[in-house]
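In the two complexes that follow, chain A is the common piece, with chain B as its partner first and chain C second.
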Partner chain A sequence: MSALLEVKNLKTHFFRKKQTIPAVDGVDLTIKKGETVALVGESGSGKSITSLSIMRLIPSPGGEIVDGQVLYNGTDLIELPEKELLKIRGNEISMIFQEPMTSLNPVLTIGQQIIEVLIYHQKMSKSKAKQKAIELLEMVGFSRAAELINDYPHRLSGGMRQRVMIAMAMSCSPKLLIADEPTTALDVTIQAQILDIMKQLSNKFGTSVLLITHDLGVVSEIADRIVVMYCGQVVEEATVGDLFENPLHPYSEGLIESVPSIEGEISRLQSIEGNVPPPENLPEGCRFAPRCPKAFDRCFQEMPTLSKKLSRSVRCFLYEQEEVGK
Partner chain B sequence: MTTYIIRRLVMAIPLLIGITIISFAIVQMAPGDPTSLLMDPNISPADRAKFMEKYGLNDPIYIQYFKWVGNMLQLDFGSSLLKKGTPVTELIMNRLPNTLLLMLVSTIFAFLISIPFGIYSATRPYSKTDYSVSVISFLGLATPNFWLGLMLIMFFSVKLGWFPTGGVSTLDAPFNVWDRIHHLILPAFVLASADMATLTRHTRSSMLDVTKQDYMRTARAKGFKERTVIYKHGLRNGLTPIITIFGILLPTFIGGSVIVETVFSWPGIGRLFIESAFSRDYPVIMGLTVLSSVFVVLGNIIADILYAITDPRVEY
Partner chain C sequence: MSQINTVPETTKQQLINPNLKHKPDTMLKIIVRKFFKNKLAVIGAIILCLIILASIFAPWLTPYTFEEQNLLNKLQPPSEEHLLGTDKFGRDLLTRILFGARISLFVGFASIAGAITIGTIVGSVAGYFGGWIDSILMRFIDTLYAIPTLFLLITLVTIFQPGVDKLILIFISTGWMTTARLVRAEFLSLRTREFVLSAKTVGAKSGTIIFSHILPNAVGPIIVAATIGVGGVILAEAGLSYLGLGIQPPIPSWGNMLQDAQNYTIMLKAWWYPTFPGLMILITVLSFNFVGDGLRDAFDPKVNE
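Now for the complex of A and B:
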């Protein structure tokens, strides 16, 4: 499988007064064709900003992509002229957001909002686009799709709206779907349904998915690979199986331990001590060191690099030393 | 929708009853009575009593009120105490078209100028243009209409001679559309000026709020041009609150017309109001009060209906 999207050393900084906030600080990420990659991390780790940077939707003025490349099929989206970018955005790369309640335009009907994409990108006629919109809504599980297209978003529940968002995002059979915490705002039963639809459709269209989440339960369900982010950096990257069985980075370990498990005896739920440091005031050395149970002197002085280790990579001195020792 | 409109109209009835009571009471409470103005101060008490009897001024106040309301329902607002007893309805109808024309044109002025400026400001917040628009808006808001009117007359009419100093048309000239427009521009602009400022500010804040909404990000993520995002997805959401402002602004147009019509010697109901107030012409004052109240109530109902049309979330 070849790479569909390659993010290289992406740096997105926000500028506030005289402060520079490195929200995304040198992220590397690869998504292969047909693959589902999960980007996980606590709130404030830069996951959403990474996804918005890929789409070049960073609010400006305020934020700016200062360095790095986003290679989509070999072309750098960051260097791409606006006109070319607009042909890819919403057409080949589409996005679902966290807030289904507010992500649909309240004054346009569901139909209008799906149809406009089809007319704009696929140059469909209005009647054909309408037909296609009905099909798409049926695909995401609406039985009365023909009536639904004349309804306004406020008549739908959160789960239904998220399904509409998925139908909209899938309308042009995108190559890549970026889902920014698509299930966070929904209740658990609906979450499963949404994930199921996403999985089904991405298989059907051969769409790669970049799933942004802080919910490891969601990850284990649909992702192939996991990228763990902390403070704007990737700290570990591995396949789902590897990461859950044998997390290398102490942060990944902490994340997995803080998920309650149904099996096994009921023990006290683990949590990672402390909080994510504010991005304008990052610690010296390894950014996780102040919260890390395994930190030693070197961690507070130097920043570890993301080093490859077989099929996975990790940003931690523990493993660097291990290799040196061998 | 029809039931909604009917319901709104029915709900306006108690409001209108309240308005008639208050406007009647205010005039009753004002010092002085018509006799002191209309009649020779040296008149005999007998003649005075006759006058009071003739106009029903001796009746208890509530009887006077019911008589007045009863007549009003038949569109009879009584007749002017001055002006040789011309019926109030006739006086108002002679003047009303002029005022309506002035209000209509200045409303169009206000919306046409302020909405584009508001959007422009909102899409470039905290830029130099945005600040300039804000400063001009505040100046417009702070400038009294009568002063602005006088300044414009002095500059454009007296010094440059571009526009006439007042009136609806050139005296003794045959009807001519261009001549009417020529006379309209200055007063309509002055009447619109204060509201233009309010509208620009409201459009700006409403659009600024809209540009931060999630659905705008969704629209951008669909790959639309910024222009499509703002005008197709933003504008309709941003304008909904502006429609309600229309309902709020209507009274200011009526109030403003009193001043503007006086400055520009515009023969509309605003000037009729002033003339009647100075001469204590009760029937005319009361008729006009009721009429402008009806306007305000109607304006609000129209705003509500427009609101229901543009925002699908409004339940009716």
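Now for the complex of A and C:
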């Protein structure tokens, strides 16, 4: 399987007064065709900024991609002129967001919003686009799609709106779907439904998915590989099975331990001590060191590199010498 | 495989309310309903409609023309032949008020249409793009604001011969900045909303986002500003005409009718002469303000029905 998207040493910084805030600081990421990759980490770890950087939608003025490459099928999206980029957004790479309640335009009908995308990218006629919009809405589970296209978003619940968002994102059968915490704002039963729809559609169209989440339950459900981020850096990357069975980085370990388990004895829920350090004031050395239970002297002085070994990689001195992945 | 199994929406809704009919209220319907709840605004709207209709059909409503003089019949009090009396040249006052309404309203609507168009374009560009584009446009507007409008008006009118077209141009060039600021403020808060970001992710161009995604969300405040603005322009036109710098006689406007009446020092003798044009200005501007207030409440989602 070849790589669909390759992010290399991506650095997105925000500039505030004289401060530089490295929200994303050298991220490497690869997504293969048809694969679902989960990007996990606490709030403020740079997950969303990474995804917005891939789409080149960093809020400007303020933020800027200062270094790195985003190779989509070999073309660097960062070097691409805006005009070419507009043809890729929504057509080849599309995106859904956390807040379905505010992601749809309140003054346009659902139909108008989907039809617009189809006319723009697929050059469909209006009547054909309408037909296709109805099909798409049926595909995400609306039975009265023909009536729904004349509805305004305020008539729909959060779960319904998220399904509309998925229909819109999938309207041009994109090669890559970026889902930024698509289920966070929804209740648990709807979460499962949304994940199910995403899984089925991505299988159907062969769409790769970059799933951004802090919910490890969601990850185990849908993802093939996990990339763990902390303070704008990738700290560990592994397949779902490997990571859940044998997390290497102390941070990944902490994340997995803080998920409540149904089995086993009842004990106090584990949590990671402390908070994510503010990005304008990062510690020297390993960024996780101040919170790390296994930290030693070297961790506070030097930054470990992301070392690739076999099918996984980890950024930690504990594994520098030994062979990882055995 | 194209159908994903979920509970059909209709059954779900029927569980909650079996009588629920699917006919959603459009935004427009809700706005109209809220507007009609406001008595003053409705009265204002009715008065404005009557004035507009009367000015359109003026030639059919009176047997006189606005320039027909009859010096033998000057300064006659209201009577059966002349419902609102006559002026110092014996012209029918009602006729002149109706034709004056044409001028005053036309100047009002045309000026505001122009000012809103320019203001909306400048404001949306400044608010949407931000950064240096915003800074340049806003500093330019600040500069224009620093010029005293009345003196600018008087200077411009003295340079160019006064006339309807020039008046409109002047009102447009001095009136668009307010709208630009208003629209910019709306855009600043709307452009960071998530639906704008999601429009960007589907590849919408800047123009599409500005005009078909953000602008419809800002239409409420713009309409309100326009409505109240028309009243303001009518007042300003009356003021300029009163100073003799606006519409030139014999073409009637409410402002120059007032001036005619004032020139005539025996105002006390012919009370109807200044009173009716003055009343028309008052009623019209007040109606525009009431309608504007009503629209503001109708467009504001925080004001409940």
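FYI, the second predicted complex is superposed on the first by the 321 of 326 C-alpha atoms of A that agree within 3 Å, B and C clash if a C-alpha of one lies under 4 Å from a C-alpha of the other, contacts with A are read in each partner's own complex, and residues count from 1 in each chain.
We adopt the following convention: a contact is a pair of C-beta atoms (placed from the backbone, for glycine too) under 8 Å apart; a residue touches a chain by one contact, two chains touch by 3 or more.
On a predicted model such as this, the values are computed, not experimentally measured, just so you know.
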{"item": "Combined model on chain A: chain C and chain B, fit or clash", "value": "clash"}
{"item": "Which superposed partner A:Glu99 touches (first chain B, second chain C, both, neither)", "value": "both"}
{"item": "Partner chain in contact with A:Asp196 - chain B first, chain C second, else both or neither", "value": "second"}
{"item": "Partner chain(s) touched by A:Ile88 [first = chain B, second = chain C, both, neither]", "value": "both"}
{"item": "First, second, both or neither for A:Val276, with chain B first and chain C second", "value": "neither"}
{"item": "Chain B versus chain C as contact partner of A:Ile119, first or second or both or neither", "value": "neither"}
{"item": "Partner chain(s) touched by A:Leu306 [first = chain B, second = chain C, both, neither]", "value": "neither"}
{"item": "Greater chain A contact set [chain C / chain B]", "value": "C"}
{"item": "Overlap of the chain B and chain C footprints on chain A, listed as residue numbers", "value": "55, 57, 85-91, 94-95, 97, 99, 102-108, 116-117, 120-121, 152, 165, 168"}
{"item": "For the chain C and chain A complex, residues of the former touching the latter", "value": "1-6, 8-10, 22, 24, 26-27, 130-131, 192-195, 197-205, 208, 212-213, 216-217, 219"}
{"item": "In the complex with chain B, residue positions of chain A that touch it", "value": "55, 57, 85-91, 94-95, 97, 99, 102-109, 116-117, 120-121, 152, 154, 165, 168"}
{"item": "Partner chain C, residues of chain A touching it in the complex", "value": "55, 57, 59-61, 85-91, 94-97, 99, 102-108, 116-117, 120-121, 135, 138-144, 147-148, 150-152, 155, 160, 165, 168-169, 193, 196-197, 200, 204"}
{"item": "Of all residues in chain B, those that touch chain A in their complex", "value": "213-215, 217-225, 232-233, 236-237, 240, 310-313"}
